[in-house]
Amino acid sequence: MTGALAIAAVVLASASGLPGLALWRRPVLGQRLSAGVLCLAAALGIAAAIPVLAGATPFVLHLPWHQPNASLSLRLDPLSAIFLVPVLLVPALGSIYGLAYFPQEGLGARAVRLQLWYGLVTGSMALVLLSDNALLFLFAWEVMAICGFFLVLADPDRKDAQRAAWVYLVAAHVGTFAIFAFFSIVGSARGTFDFSGWQHLGSTGAAASWLWALALVGFGLKAGLVPLHFWLPGAHAAAPSHVSALMSGVLLKTGVYGMLRATGFFESPPASWGVALLVLGGASGVLGVAFALAQHDLKRLLAYHSVENIGIITMGAGLAVLGRARGEPALVLLGFGGAALHVVNHALFKSLLFLGAGSVQRAARTRDIERLGGLSRAMPWTAGLFLVGAAAISGLPPLNGFVSEWLVVMGSLRALELPAGDRASFAVLVVPALALVGALAAACFAKVHGTVFLGHPRTDEAAAAHESPRFMLVPMGVLAAACVAIGALPALFLPALARGAASWSGLPLSDLAAPAAAASASAGLVSGLAVLLVALVASLAFLRRRVGAGAAAGETWSCGYGYPTARMEYTGSSFAQILNQGFRRVLFPRVRFQPPRGPFPTSARFSTEPREAVLDLTILPGIRGYVAAASRVRGLLAGRVHFYALLVLATLVFILAWRLLWW
Amino acid sequence: MILRALFQIGILLLLPPLLLGVVTRVKAIVAGRRGPPLLQGYYDLARLLRKGSVYSRTTTWVFRAGPVVGLAAVATAGTMLPAAGQPAIFSFAGDFVLFAYLLALARFATALAALDTGSAFEGMGAAREVSFASMAEPALFLCLVVLARATGSLSLSGMLGPGLATAWSGAAPALLLSAIALFVVALAENSRIPVDDPGTHLELTMIHEVMVLDHSGPDLAFILYGASIKFFLFGALLVRLVLDPRVQGIWGAEAAFVGGLVGFAVLVGLVESFMARLRLTRVPQMLVGASVLSVFALVLLLR
Amino acid sequence: MILLIILVSFVLGASAFAWPDNRTRPRLLLVGAAIHLAGVVSLWIHPEGPVLSGYLFLDAAGKVVLSTSSVLFVASAIYAQGYLRRRDDRDNRIFVGGLLVLLSAMTTVGVAQHLGVLWVAVELTTLATAPLIYFNHNARSLEAAWKYLLVSSLGIALALLGTFFLALSGAGPGGPKSLLLDDLIRAGPELSRPWVRTAFVFLLVGYGTKMGLAPLHSWKPDAYGEAPGLLGALMAGGITNFAFLSVVRVFQVTRAAGEGAFASDALLALGLLSMALAAVFMAGQRDFKRMLAYSSVEHMGILAVALGLGGTAVGGAFYHVVNNGLSKGVLFLAAGNIHRAYGSKRTDEVRGAIRRLPVSGPLFLAGFLAVTGTPPFSPFWSEFIILNGAFSTGRWVVGAFFLLFLAVIFIGMGATVLHVVQGDDRGTPARPGFGDGWLTAGPPLVLLLLVLALGLWLPRALQGLFAAAAHLVTGA
Amino acid sequence: MRSWTDMAFILVVVLDLFVLASSRLGAAIRAVALQGALLSLLALLLASSGHNMGHVLLVAGGALAIKAILIPWLMFRAIREMAIRREMEPLVGYVPSMILGGVGVVLAFAFSRGLPLPTPEMHPFLVPTALATVWTGLLLVVSRRKAVTQVLGFLVLENGVFVFGLLLTGFMPVMVEAGVLLDLLAAVFVMGIVMFQINREFSSLDTDAMSSLKD
């Protein structure tokens, strides 16, 4: 039954673009049907995942497939199920959002194409999670990557979209090669390509570490770990917003899933792998948010926050690996639980934020936050829902982001209980790293929300903005509600996380029960305090209405200046300036500064443009250098037929000399 | 039991404005003035609560929610902090994370309220507040981790509880280092000199004060009250860390706690009197320095 | 049946020269293609034993290549109807006749079990192709034809010498004194090893030139760049595959004689060199047809690597022969359409092909994805098998370089392809009347669907065929 | 008898060197024609009792007709019509070409000792002569600019292959000789056609004019 539901979800989701294509002439109906099919697929898939998360036996299916080494093997275990829920939920909500945001009625073929890829990417993501065969996994993985390419290219004439899509495609394809190698090596060592035959891989020795590093690179590239994140900001910014929500919210998570799955194959991963994950995660967390702070483009900024959150997730995963290396169930539970819950949470609030960004972009026709402002008057719902997402991603209680970060922190504190002298106890440094990341994220989202929604509109477009239609608001509302629900009742989700941790680590569930119960008790108090906080806010708000002597309206106090204009507002760049200054060694911003000169300066300007340190400063110059070198090599073959003949002669002589002289 | 809980809530809600009064009085005495009465803070609050308020036409509900959420968050955080010689009202493993994040929530709400006015000055204040806070945050957490390591407990009540006495005998250098770091963090978080000057009248140099320029009447009262509670919280943290383990007795602990808090206020007042405000660009150095100190403390323990 | 196929194509080719009407002559291609396909299908259903005292026999390896080429030829023949109708101005006598003779010669290569016959047939393919390259009758195509002819003839002459060496190796007392594959393989260790080794070098260089392995590939970009799209498809997807088959035949003998290790090393070296060369020459390539030529060099390299790796990779090689043949068909036919619609094949003049050619543009893109081993297209599978062959035999370095080159090639090729298909086609040279038509856009579309279908579901019969073909080579 | 054969082989090698050194096209073509005639003679000389005389005659006659008469005649016609007399500035000069050719001859004689002949009754000069001639042909193709000279080089190359083929006439006459003759005939024939086209298109047979196709 579970299996049938899961398979139906994959098939329906993959085919969900077809109604839009079939009902070409009735665009409204067609698109609604498409969205409906996708929502149905999501409902079925989630219905399949929930029993597994609640303790039902995992669903396993093994069918032959007429390709060498491949089989249509599916498995829905708790690890897959945890990922499956957001992977289906977010696209389904996105498709509803798309009804108004990317209407087939107005956009015609572009929307139809988008829906086809959108459905297919959802189906292939679900298939990635369900695959129990390496080749089926790779197959779904690459289809997913290709779909992503076409999704980013939804507006094929835009240069930035072309570039971003291309960079994305290259990153996805090259990353796949690392996975290719990983699967190939493991598969040929094990003689089977079914994951079920890949358990208990030996993990000692340098060879195992190199092997694992292959998986780390391949999946880390998809997940966007620093320094492999370079493709991500461009792609997520260029895509339409519900696509960005899908890519940033859930597509990245397939990388996390792969990383977890691959690590899970190994018998007992050494502590060094955990440390590697912690370091990479910490770097991603801090640098991701540092890059984000410097951005002016709302969606690029959000994309960099995905790097940050992937960092948090990776830190959790690192703790879990450390826990397995040291045989500490509490570390495994809290690390894995934090990572997995953050996967879900990030999917929720990041999608919410991207949908909000899309709403803003649609209303004000720009993504540049310096050209926005004061939108909360015109679009109160969008502003309010965006604020929920902003608070959640900053890890503020009582929302869901806090809960998962809290679990990761709790996990790393468990490292303190390791015996004295165990270097693994330095994993506790995750705590300050997370604190820094959380505080920086809060700073960044204060900047974003303040600059975009609060204050005065900075341009006429921003002033003329209007609220988005209901089809766009309802999905955001659902996501916000989910953020609140998880934040309020974290204890509810711990059993499922414990099952996931058990299925990932191979530890018996009973070993994980004790730490899970402890965490659950604490989480209950977190809920209690959340209630207290809400109650306090409510009663203080009530009190606030009762005291005081009326209210008057006036101008903003500008230290005595009577005519403040929007141009005098603090900009987002100014807001982040102090922190950007602190991170200037990794940001490499391009600064254009024309200082005021003379006693009566006429014009002065100052602008900074953030650059992508890895892509713009490392990879692209490298590629340009390679192309230049390649064309120099090509120049050597000037097209002369003598030279062609000489090559033949030389090859003959060389091969003859190579072996014949040595017999 | 109930009595103690009441005492805790009472001390949390009633004591804070007094502490700020102590600081002001100390500064006045050092400067050779008489200064306002110790209870001036309470008078101010009472007066502000009766007044009307002016709202900029630019602002929205975010502006009005700021003080409410800020105060509620700080007060909620207070329930997790153990007052004198006893555990807090709410205590669980990892509560200090919630404690710190609730303070962050208060900051976030205040910063957004400031940005809601659209004023350049308040934006500037908000920017400085969140920037410096994000530099102080790792130091705060590191101090708490040091405590956790030293006492083997993961809740604030446990960290600052009976285990601390043995910890002082075993790991005094580390605890001392982290106490210093925590004091720096307390100064920064509460916008005291040398990070910020609460008494200044030049908006360009202000941090916290400039952020709340537009708040008036009861809103301002909420903010001031919240700020004083926050000051109290950091003071209580330090007092428990340094003083508490050495004091026994039924009510002796309470007396010592209150006395310690007053001492903390005096210390802050003295610092404010004898130090100049740092240039803004020097502030990050100080905060990073605090983090480095506490990392050092942690390494001492992990070694 | 084998003889019938060869003869019918040849006779049709000969009659094309005599056919008077320029407009109806291309239909001979359809007839030839249909008969050929029917013949191949009947050989699938009723396998035929050796004919002409064992000189001709369709074994598994030959069947793989021949079937692929038959399908490709049908597609090309249909495409030719549309293509030649638009090139009404030009006498297509030589073109049609040459194509049919080429088909006949290719078929002979596929079924030859005698290395002499094999050599004669390969020579014939060269001779039949050279005039076809010159179809456009301009200086550039002439230059390409000359280079093709000269370099190929050089290779062919070396191959002849190699064939003699091989014959000599078995000429000793008790030797087979024969060039029949079976005799040579059976004699195996009794062959004179130094002669076999020398023969292998000459034959590898000779047939390698025909395959276009680096650095023997030099004729390829010129010839593919100037030849009409459908000839490019037949060369890249047909002739080169048959050349590979010839190398396979030689390898079979060499291996039987106990020189397999040396032969494998040489194949690996040339194969990886071909991939590396493609990686260098595709970067920043501004001519999309030349780019396809380098892609062909790359894929011949992949085949050589697979053959050199041995073991399971050889089965992958035969799978890849099919995939390469079909996807090269897609790419060259689509590229031909784009070339004609713009009158240019330079990327600085061609962009926005998706807009101007709503079928061929996307096909070019899809063909690129297919040929670079992206699922759901079938080359993904064969490349994975070959890679797997590298890793499972512990050839880490080969596997690593294989992946590295694939990655660089993907980037280089993709940049060019995307430049061609994306963007705004306004302001680019236009040739009205050269849009997508059923006859020119349909065949590559069908080929792509075949590649897709194979990627989703590989029929058991084909799987068995690849295994049988690999068995011929590896004996396991 | 044996010394005649020796002489013929040596003459073939000397002609190789002569073609390499010759700047005059006419002389080179004549040399190649003479080489063809010598090959035809060698086919007869090497025939032993085991050979099928019919095949031997066919091979010898074919070689004489094609290599010594038909192709040289075609080449002469070509250079007459295109009015070319000499190879201008070869890529590799005449002296270096000769030296390279000499090195090739030495290597070929040294090298072929290592290749044991499966049929010991064969003449010891055969293999080195064949290799040296092949080498000469390759050198000519690589180092000469004119299309005609390249074709000439190709002819010399084929002559070398033919010499080698004489080894095999004993046991597989039909296939091999047919191969040689077919190849030569067809290749040179097609090349000749292309050559005329080149002359028409580029008004020269200088292949340097043909280097517009490059990356």
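Just so it is clear, A, B, C and D label the chains in written order, and each chain counts residues from 1 on its own.
In this section, a residue touches a chain if its C-beta (ideal position, glycine included) is under 8 Å from a C-beta of that chain, and two chains touch if they have at least 3 such contacts.
The model shown is predicted, which means the values in this text are computed figures rather than measured ones.
Peer 1: Out of A-B and A-D, which chain pair has the most contact pairs?
Peer 2: So, comparing the two chain pairs, more contacts are at A-B.
Peer 1: Sort the other chains by how far their Cα centres are from that of chain C and give me the top one.
Peer 2: It is B.
Peer 1: Just by CA atoms, which chain is the most central one?
Peer 2: Centre-most chain by C-alpha means: A.
Peer 1: Whole-Å distance, chain B centre to chain D centre, using C-alpha means?
Peer 2: Averaging C-alpha atoms per chain gives centres 99 Å apart.
Peer 1: In angstrom, rounded to a whole number, how far apart do the mean CA points of chain A and chain B lie?
Peer 2: 35
Peer 1: Averaging only over C-alpha atoms, locate the centres of chain B and chain C and give their separation in whole Å.
Peer 2: 77
Peer 1: Using mean C-alpha positions as chain centres, tell me how far chain A is from chain D in Å, no decimals.
Peer 2: Taking the mean C-alpha position of each chain, the two centres sit 69 Å apart.
Peer 1: Touching two or more other chains, which residues of chain D qualify?
Peer 2: 114, 138, 141, 150, 207, 210-213, 215
Peer 1: Residues of chain C touching 2+ other chains?
Peer 2: If we look for residues of chain C contacting two or more partner chains, we find 146-147, 150, 154, 194, 198, 222, 281.
Peer 1: Tell me, which residues of chain B touch at least two other chains?
Peer 2: There are none in chain B.
Peer 1: Which two-chain combinations touch?
Peer 2: The complete list of chain pairs in contact reads A-B, A-C, A-D, C-D.
Peer 1: Write out the stretch or stretches of chain A touching chain C in their complex.
Peer 2: Spelled out, the residues of chain A in touch with chain C are 65-70, 135, 138-139, 142-143, 146, 156-157, 162, 166, 169-170, 173-174, 177-178, 180-181, 184-185, 187-189, 623, 626-627, 630-631, 633-634, 637, 639, 641, 643-645, 647-648, 650-652, 655-656, 658-660, 663.
Peer 1: Can you tell me which positions in chain A touch chain B when the two form their complex?
Peer 2: Residues of chain A touching chain B: 373-374, 376-377, 380, 383, 387, 391, 394-397, 402, 405-406, 409-410, 413, 416-417, 420-421, 425-426, 428-429, 431-436, 438-440, 442-443, 445-447, 449-451, 454-456, 518-519, 521-522, 525-526, 528-529, 532-533, 536-537, 540-541, 544, 547-559, 564, 566, 568-570, 574-579, 582.
Peer 1: Which positions of chain C touch chain A when the two form their complex?
Peer 2: Counting only chain C, the residues touching chain A are 146-147, 150-151, 154-155, 158, 194, 197-198, 201-202, 204-205, 208-209, 215-216, 218-219, 222, 262, 266, 270, 280-281, 283-284, 315-316, 319, 354, 369, 372, 374-376, 380-381, 384-385, 387-388, 390-392, 399-400, 403, 406-408, 410-411, 414-415, 418, 422-424, 457-460, 463.
Peer 1: Under the stated contact criterion, what part of chain D meets chain C in this complex?
Peer 2: 114-119, 134, 137-138, 141, 147, 150, 154, 157-158, 160-161, 164-165, 167-168, 170-172, 175-176, 178-180, 182-183, 186-187, 190-191, 193-194, 197-198, 201-202, 207, 210-213, 215
Peer 1: Looking at the complex, which residues from chain B come into contact with chain A?
Peer 2: Where chain B meets chain A, its residues are 49-60, 62, 64-65, 67-69, 71-73, 75-76, 79-80, 90, 92-95, 97-98, 100-102, 104-105, 107-108, 111-112, 114-124, 126-128, 130-135, 137-142, 145, 148-149, 152, 154, 203, 213-214, 217-219, 222, 280, 284, 291, 295, 298, 302-303.
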